[in-house]
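Chain nomenclature is as follows: A, B, C and D, assigned in order of appearance, with residue numbering initiated at 1 for each chain independently.
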Amino acid sequence: MATISLQEIAQHDKKDDLWVILYGKVYDLTQFLPEHPGGQKIILKFAGKDATKAFERQHPPSIIDQYLSPDVCIGQAEVNNEEEELQEEETEEDKRVKLAREKMPRLEEMYNTFDFESVAKNILKADAWGYFNSGANDEISMRENHNAFHRIWLRPRVMVDVANIDMTTKMLGDKTSFPLYISATALNKMAHPDGEKTLAVAAGNQGVIQMIPTLASYSIDDIVGARIHPDQPQWFQLYVHKDRSIAKRMVEHAESKGIKGLFITVDTATLGRREKDMRQKYVHEGPAELQGEELNREGGVATASSGIIDMTLNWKDIAWFKSITKLPIVLKGIQTWEDAVLAARYGCAGIVISNHGGRQLDFAPSPIEILPEVMDALKREGLENSLEVYIDGGIRRGSDIFKAIALGAKGVGIGRPTLYAMAGYGFKGVEKLLQLYQDELEMCMRLMGARTIADIKPEMVDTRNLKDHFVANPTDYLAKNAYEKMVPRGNISKL
Amino acid sequence: MATISLQEIAQHDKKDDLWVILYGKVYDLTQFLPEHPGGQKIILKFAGKDATKAFERQHPPSIIDQYLSPDVCIGQAEVNNEEEELQEEETEEDKRVKLAREKMPRLEEMYNTFDFESVAKNILKADAWGYFNSGANDEISMRENHNAFHRIWLRPRVMVDVANIDMTTKMLGDKTSFPLYISATALNKMAHPDGEKTLAVAAGNQGVIQMIPTLASYSIDDIVGARIHPDQPQWFQLYVHKDRSIAKRMVEHAESKGIKGLFITVDTATLGRREKDMRQKYVHEGPAELQGEELNREGGVATASSGIIDMTLNWKDIAWFKSITKLPIVLKGIQTWEDAVLAARYGCAGIVISNHGGRQLDFAPSPIEILPEVMDALKREGLENSLEVYIDGGIRRGSDIFKAIALGAKGVGIGRPTLYAMAGYGFKGVEKLLQLYQDELEMCMRLMGARTIADIKPEMVDTRNLKDHFVANPTDYLAKNAYEKMVPRGNISKL
Amino acid sequence: MATISLQEIAQHDKKDDLWVILYGKVYDLTQFLPEHPGGQKIILKFAGKDATKAFERQHPPSIIDQYLSPDVCIGQAEVNNEEEELQEEETEEDKRVKLAREKMPRLEEMYNTFDFESVAKNILKADAWGYFNSGANDEISMRENHNAFHRIWLRPRVMVDVANIDMTTKMLGDKTSFPLYISATALNKMAHPDGEKTLAVAAGNQGVIQMIPTLASYSIDDIVGARIHPDQPQWFQLYVHKDRSIAKRMVEHAESKGIKGLFITVDTATLGRREKDMRQKYVHEGPAELQGEELNREGGVATASSGIIDMTLNWKDIAWFKSITKLPIVLKGIQTWEDAVLAARYGCAGIVISNHGGRQLDFAPSPIEILPEVMDALKREGLENSLEVYIDGGIRRGSDIFKAIALGAKGVGIGRPTLYAMAGYGFKGVEKLLQLYQDELEMCMRLMGARTIADIKPEMVDTRNLKDHFVANPTDYLAKNAYEKMVPRGNISKL
Amino acid sequence: MATISLQEIAQHDKKDDLWVILYGKVYDLTQFLPEHPGGQKIILKFAGKDATKAFERQHPPSIIDQYLSPDVCIGQAEVNNEEEELQEEETEEDKRVKLAREKMPRLEEMYNTFDFESVAKNILKADAWGYFNSGANDEISMRENHNAFHRIWLRPRVMVDVANIDMTTKMLGDKTSFPLYISATALNKMAHPDGEKTLAVAAGNQGVIQMIPTLASYSIDDIVGARIHPDQPQWFQLYVHKDRSIAKRMVEHAESKGIKGLFITVDTATLGRREKDMRQKYVHEGPAELQGEELNREGGVATASSGIIDMTLNWKDIAWFKSITKLPIVLKGIQTWEDAVLAARYGCAGIVISNHGGRQLDFAPSPIEILPEVMDALKREGLENSLEVYIDGGIRRGSDIFKAIALGAKGVGIGRPTLYAMAGYGFKGVEKLLQLYQDELEMCMRLMGARTIADIKPEMVDTRNLKDHFVANPTDYLAKNAYEKMVPRGNISKL
C-alpha cells in the first residue's frame, strides 16, 4: 500500500474530491459522502485531514469495513511527527463540562430517572445532549410518550398476602429478572467512553436483556464480548441497509455471535427532523459554507432522505429475512392495530409498538395508548398467542411498567434513560437505574396486590382517560414563545 | 390643471374640508375620509400636507384611480424646494429595527415557521407587526387555528415502499408542486419593499399558486408582471366594493390579466376589532384630537362599520358574479356545513373554510375543526364532487397539511408566515419557508406510508379529540392578567 | 333633644355599651352592632367617636332611618370646634392612589372591559378593590363565570345582508337599546363619589336599564332623581330584611318612585367568605382587639350568620310579596332548573340565573352553563312563555351577550365592570363601557349573520364543551402556591 | 443490671454490632436495625452513642417495651458527667426556624387550611416538613386528592328556610359536632412538643373524634389521658405488626383504655417512596457511609420492604381480629368497590376509602372519585346499611365535606392539616382549623338549602366531570423540569 504525503491528501478537500485519514489510512469518501447517516457536514469538516479523533468519539473501527468497499482505501498516510506532540486545547465547552462533573451529585442521590436526566443535561457536551434529548419537530410525541401514562390510573387491591413478589418473566424464551429490556440507541460513546459495553455489563448484573444497535459505537463483537455471563441473552436491532448484501452479512454475523432476537426497525424510512439538535449543531459547529442540509436539497426534495436505509422495505421482505436467519423476527416501530395484525399474519415472532422515542414523526401516538387497540385486534383475530407485544417510549417509572403489563405488553424497552445514567455514572449508573425501575415495580406490585407478573390484570388499571390528550404539558412551546401575549392596559406586573 | 400654493393647501386641514398632496397632485378627500379602510386617523394626520411617503409605504399609485373619482383631484401642488433637502430624522423605532436587523440570524438557521415569526417580531416596525400579528378581541380564534391541529393525531402505517413520493396535485385545474397556496394578505409593503411581488417570485420558483389581494401594496399589473413563468397560475381575492361598478371593473381587469380563480371574501361584512393593533396604534401614533374610532361613532352604532365593503352581499349576488366573469368562483370565509352546501347549490367552484386568520370574529371555530363536518354534509347531499374545499388558518407544519388533506381538503392556504418570511429575508425567505412546508410534508407522507396525495386517507388521522377545545394555550390572557391571584398567608415565593 | 358632651360620649366605647356620632347626632348602636352587614369591626373602630366621615364614604344618610328605630338616637353631640380645623393627614395609601391616578390612561385607551378592571386595580383604595374584586373562598366560581363562555363557540353564517342591525329589545316590558342591564352592586361610593347616581346617568344616556341596590351608597330617591329622562326605567333589588315591616316599607317606597321591577335576591341566606377581602381588611385595618369574626362566633356557629337578611325566606313568601306590590317579581339567584320551574309555578315574572358574581358559594356553577338546562326544563313543562330568564356573572364581551341570547336569555346583567369603569372615569367611563359592549355585540351579530335579536338562534352556538370544566385558568392558586414543587436533582434553572 | 463504660459502648458502633444508649440504659439493636420503620440511617448515626435526645423528638419511652424484647437491654450506661454540661449548639436551621417563628402571622389571620400549610412550611424544620408534606413518587395522587374535588360542582337550592342548621351526626355510634374526624398521622412531636395530646384537647373542645396512630410520639395512655371529657370518643389506628402477639397486645390495650373503634390500615404492605422526603434527608443529614437505602438492598429486592408491618395480612385475618376484640373493625385504605364489598361480607363495621394521603402508591385514585362507585356497588349488593363508609385525603374546604356527604360518606378524616395547624399554633391552631372547616360547612349547607346532614343529597352535586383527570395542577413537575423547552430562534424573552 502506497504512502501518501499529507500535502497531497490536503489537496482533496472538496465535496467532489474528498480524502480523509482514519487510523493512518487514507480513504476516498467522495461516493460515500451523501450516504453518511450523520450528515455530510461533519465529514466535510475533515476533508483532506485526519478525522480519527472525531471518528473514535462515535464509531467502532469495524464500521469502516462494514459500510465501505475495500477499494476506497487508497493508501497509507505519511506519519505526522509534529502533530503527535500537539495537545488539543481545552474549549469553553470542555471547561463547562469539567466544572459540571466536579459538582455532580453522588450516585446515591439519584432517586428516579429524572434525576439522571437532569444530571446528564449538565455534564454532557452540547452535541451529545442535543442528539440524545431531541425529538421530532415540536417534540409533542416525545413528551406525550410519558405523559400518556399519566392518563392511566391504578385500582389497588388490598388484603392480599404479598410477602413474596416474583417479578421474573420470559421474553422471546429467555428469562429476565423483570419485564424490561434495554433498547437500542445509537452512538453511545457520546454518552460514555465505554458506550454499549457499559450496558452489556449492567444488563448482565441486573439480569435483563440488552438490544444491540446497528449504529453502535462499538462493534457487535465488542459488545457481545462485554457480557458478564456466557449465556447472557442479547438482541440485535437492524436498520435494513439498502444494499441487501450488507444487511444479510449483519444478520448472519449477529446470529453467529449468539444473538437471540432480531429487531427490525420499520419506522425509519427517512430520518425525523430533530430541530433542537439541528439548531444545537448550528450553534456549536458554526455556519459552514456547505451546510449538510443545503447539500441534501441538491438532489431535489424527493431524494433528500436518501442514505443507508432501504426506503423500499415492505411486507414482502419478511419472507426474505426468514430465508436468511432462524432468529425470531420482531418488528420495531409498529404503530397501528392494522400493522400488528399484519405482522402476526406474516409470521413475525413479535412487535415493538414504538414511535422511536418521538424522534421520527411528530403526532405519532404514544405506544401505551395504542397498546389496548393492538391487543383487542389480536384477540379479535385470534392472534393473541402468535405474537409477543412490547412497547417502548416514555417508560420512566415502575408504575409505567405495571400499566404496560396490565394492558397486555410482554415487556417494555427503555432507551434515553440508560444514556443519561451512563453519562454520569457509567455502568454503576445504569445498574442503579435498573434497580430503581425494579424497586418501583416491586413496590407497585405489592401495593396493587399482585404477586407475580401473571397477576397483573387489565382490570387493575383505569384507562378511561387514555384517549383524551390533555394532561400535563402537551404545550407547543414554539407557538407559545412566538406568540405575543395580550396585556391589559394599566397592568403593572405583566405575567 | 391649476397649481395650488402650499399655503393654500395647508388651510384645508379639517375633517370637513380636507386636502392632501399625493405624488404632486392635490386631492380633496373630504368625502372619502369615512370610507378609508385603514381608518380616518392616518389621513387626518396629513390633512393639508404631503402624504406621499406614508402612502407609498402601503399602497400602489394605481389605487388612487381605482377608488377615487377623477374630480377629487383638484390641482397640481406647488413644488416645495426646501423640503426636498430635508432628511427624515431617524426615530428610536428606526434605531431599534436597524439594530435588530444587524443581529438577525442567517436564513439557514430558520428551521420552522415559528423561527420566521420570532425574527419578524424583532425586526418589523411596531405598526407592521401590530397589523400582521393581531387577531380579533382575545385572539382565542387566532390561536385556536393552529392549536386545533394539536388535537389530531396520526396513525402511521409502516412496511410500505416509500422510495418515491409524489406530492403534486391540481387546484382549480392548475398543477401545484404540493397542496399549498399563498393566500391573500393586505399591505405587504409593510413587511418588505417589494411586497406582493416577492410572493410572485417565490411562488413561481417553488411551483405553488399565489392569491393576489384586493388590498395589495402593488397593483395587480405589477404583481402579475412579477411572475417568473408566463404560465404561472395566480388567483385574485376580492373584497366586494359597495360600488358594484368598481367591483365589476376589478374582476374584469383580473380576468383580462390571466388570473385563474376568483376568491370572494364573505366573512368581512365589518372589520373585526384587533385590539392589540389598536393599542399599538395608539401608543405609537399618540392620542389624536380626533380619534378614528370616535369619528366612526358619530354616525351612530348602526353605521359604524361602513367603508368600502358591501354589507348587503348575499347568496343572490352569486348569479351577478357569474354574469360578469367566466372565472371559477370560490367563496372565502365559509364557516359552517350549511353554508358549504349552499355554496355548492349556488354553483360555486369551491370554498375556503376560513375565519380570516382569527382576525374577524373571536370564537369562530378553527377551519380544520369544521372541515370534517363540511365533507360529511357534502357527501350526505351528494355534492362532494361539485366543490373544491380549501382551508386556511394556523397551518404551521407539514403535518398540518397532511391532516387537512386526510380530512378532505384539496389544499391549504398560508397567510401570515409569508409576511414573516419576507420581512426578514425577502423572496429567498419565502422560498425557504415553502421548502420547509414541503420537506415536512414529504417526511410526513413517507413516515405515514403515503406515496401520493391520493394515498392520504381519513383513517390515517385520529380526530377523536378534535371537538374538545382544551389543548395547548387557549388562555384568556386579559382575564388572567387582570385577575389578582390569591396567595396564602405566609407564602414566601409568590408564583 | 339633649346635647351630650364629647367626654361623655367617649365613655361609651365598648361592645356592650356603644355610642357613635353621625351627622352631629349621638346613636346607641349596642343592639345594632351584631346586625351590621359590614361587620362589627368597622363600628367598633369608632366606638365613642364621630364616625360621619367613614359612614359617608359608603352610606346615604337616609339609611339611618331605614334600619334604626328612632329611639336609638339619644341626643345631639357637642360641637367640636377644634377638630374642624384638623386636616386629615395623607396616608401612604392616599399617596399611592394619587400617583396612580396621575398616571391613569386616557379613556380613549380603554379597548375592552379588562382594561377598566386593570385601571381600577391601580387606582382604587385597597379596601374598595378588595371588596369589589373578591369572590367566595378559592374564587373558582368567580373565575368560572367568565371562563364558561370560553367553552361556547360560534357558528357564523355568511352571505346574509347585514347592512342594518337592530339590537333593541324589551325587558319586563320596557325598551332597551340592547339586551343588557346594569345589575345591583353594593356601596358604589367606594368606587366613585357619585356612586349609583353615576350609573343612572350612564344608563339613561345609553338607553339601558339600571337595577338599584338595597345596599346603595345613595338613597333610592337620590338615584331615581339622577335619571336623565323622566321615563327612564329602573329596577329595584331587594335583600329581604328579617323585619318584614322594613322590607314592606322598602318595596312600597320603590313602587311609589316609579320603579318598574322588583328583583328579590334569593342566594344570600348568609354572606359568603370572601377571603381576599378579609385578608385585605386585616392587613389594612390592623389587628383589632375584638375581631368582627371572633365576635360573630360568640353566639355559636349556628347564629354566626345572623344580620339583617331573613334566613327563613321560602317559596311561601312569594304570595306575601304579591300581596304588598303590583311590581313584577323577579327572583335573583336561581341556580337550578328545578327552582326555575318553581319560580314560574309560584307566579314570578322572571328569574335571574346568578351565583352572585361568585361571591357567595364557591363551586356554584356559572349561570351560562345552567341556562340551557333551565330553558329545556321550562319548555318541557310548557312554562317557557311564563318567565323571562336573565343571567348575570362573567359577561365581559359582546360575544358573551350573543351566546346568552342564543341559549334563551332575555338579557344579561353586568356588575363589577360598571364599578371599575366609574372608578376611573365616572359616568363617562360607564358610558364607554356600555358602548364597548354594544359595539362588540353589533359586530358579533353582523359577522354571525343575525340582523335582529330574534335572529339569534340556539343553532348559532356550539355548546358541546359547555359541561366540561377545564378551560383557561380554573387554577386553585392557594393549593398551588402552598404546594412545594418537586425539582429533580441537578436541575439548574428551577421553574 | 451491669453498668457499662462509655468507652466499651463506643466500641459497638457497627452495623453487625450495634449498641445505643436510651434514657441511661444500653440496648443492643443489631437485630432490630433492619426492622426500624424510620430506616437504619438514623440509628447508625448514634451507634455506640447516646440517642436519647433524637429519640425523644419522635417517640414515647413506652415504645421501647412495645417493640423490643427485654433481653436487648444489656445494662446501665456509665453516667457522663462532662457531657451534661454541654450546650447543644444552634444550627443554621435552628436560626432559620427561630426567625420564621418570630415573623409568624397571628392565628386570627388564618382564613383557610392553606394558610396553615404555608405557615408550617416556613416554621417547621426541614426534616419535619419533608416527612409530613411529601407523597409517593411524583406526588400526583397526593395532589389529585384535593384536585378531584374541583371536578365536582354544586347545585344550590334556594328559597328554603335555613335559619337553623344542624350539622351533628353519629360515627360508629358516637356523636360528633360535624361529620369530620381527625385521622391518624405518625410522629406528631415533630410538629409540636405536645404531639398527639394537642389533638386530643382540640378534638374534645370542638366535639370531634380523634384517631390515635400506632406510630404516635406519645403512648396511647398519654393521649387518652389528654382528653378533656371523660366520655370523649377516640379511635385507634393499627399497623398490624408481623409479630401477631404484639398486634394483639396493642388491640387489647386500646380496648382496655376505652377506645371506640379499631381502624386497621390495609394499604401499607410496603412503605411508599416519598422522594421529596428522601432527598431532604440526604441533604440535611449528609451522605452516610452506609445509606439506609443501600442497606435495605443487601437482602435483595424481594426483602427490601421488610420491617414491622405484616405483609401477609389478608381477608382471612378478619376472623382473627374479631376473635381478639369486640371493637368495631374498620378497614382503612380500601380503594376499589370490589374490596368494599368484601369488607362488608367479611363483617367489618366500616371502611375508609383512602390512598394514605397519596403517600403510598402514586396513581392510586382519589378517594372522592372512588366513593360513588363504592356506594353504587354496596347498593347493588344490598350492603349499603352494613357498612359505614368514610373517606380521607385532600379535604381542605367545607365544601369538600359537603361533597363527600352528598356522595354517600358518613364522614371524612383529615390528616396533614392538623399537623400544620399544631406546628404553628398548638391546640389553639387545631381548634381554629376545626372551626374553619365547620364554619365553611355550615355556610355551604345554608347556601345549598340543606338544614341537616340528612338533607344533603346526591342530586345536589354535579359529578359529570369527576372521572376526567384534567383539572388544576396534575403537572408532572419532574418531567417538566427535566425537559429542555424549545425556544424559537430570535426569541428575546424566553419563557
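As a working rule, a contact is a pair of C-beta atoms (placed from the backbone, for glycine too) under 8 Å apart; a residue touches a chain by one contact, two chains touch by 3 or more.
No experiment lies behind these values; they were computed from the predicted model shown.
Asker: Pick same or different for copies subunit B and subunit C, depending on whether their interface residues overlap by over half.
Answerer: different
Asker: Which chain is most remote from subunit A in terms of Cα centres?
Answerer: C
Asker: For subunit A and subunit C, what's the span in angstrom between their mean Cα positions?
Answerer: Going by mean C-alpha positions, subunit A sits 61 Å from subunit C.
Asker: Just how far, in Å, is the C-alpha centre of subunit D from the one of subunit A?
Answerer: Here subunit A and subunit D have centroids separated by 43 Å.
Asker: Can you list the subunit B residues in contact with two or more other chains?
Answerer: 109, 111-112, 114, 117-118, 121, 138, 275, 279, 468, 470, 478, 480-482, 488-489, 491
Asker: Across the complex, what residues on subunit A touch subunit D?
Answerer: 106, 108-109, 111-112, 114, 117-118, 121, 133, 138-139, 143, 146-147, 150-165, 167, 275-276, 279, 396-397, 399, 435, 438-440, 442-444, 446-448, 462, 464-465, 468, 470-473, 477-478, 480-482
Asker: Touching subunit B in the complex: which residues of subunit A?
Answerer: For subunit A paired with subunit B, touching residues are 137-138, 140, 266-267, 269-270, 272-273, 275, 278-279, 282, 287, 291, 293-294, 297, 301-302, 304-305, 311-315, 317, 331, 333-336, 338-339, 342, 355, 360-365, 467-470, 474-476, 478-489, 491, 494-495.
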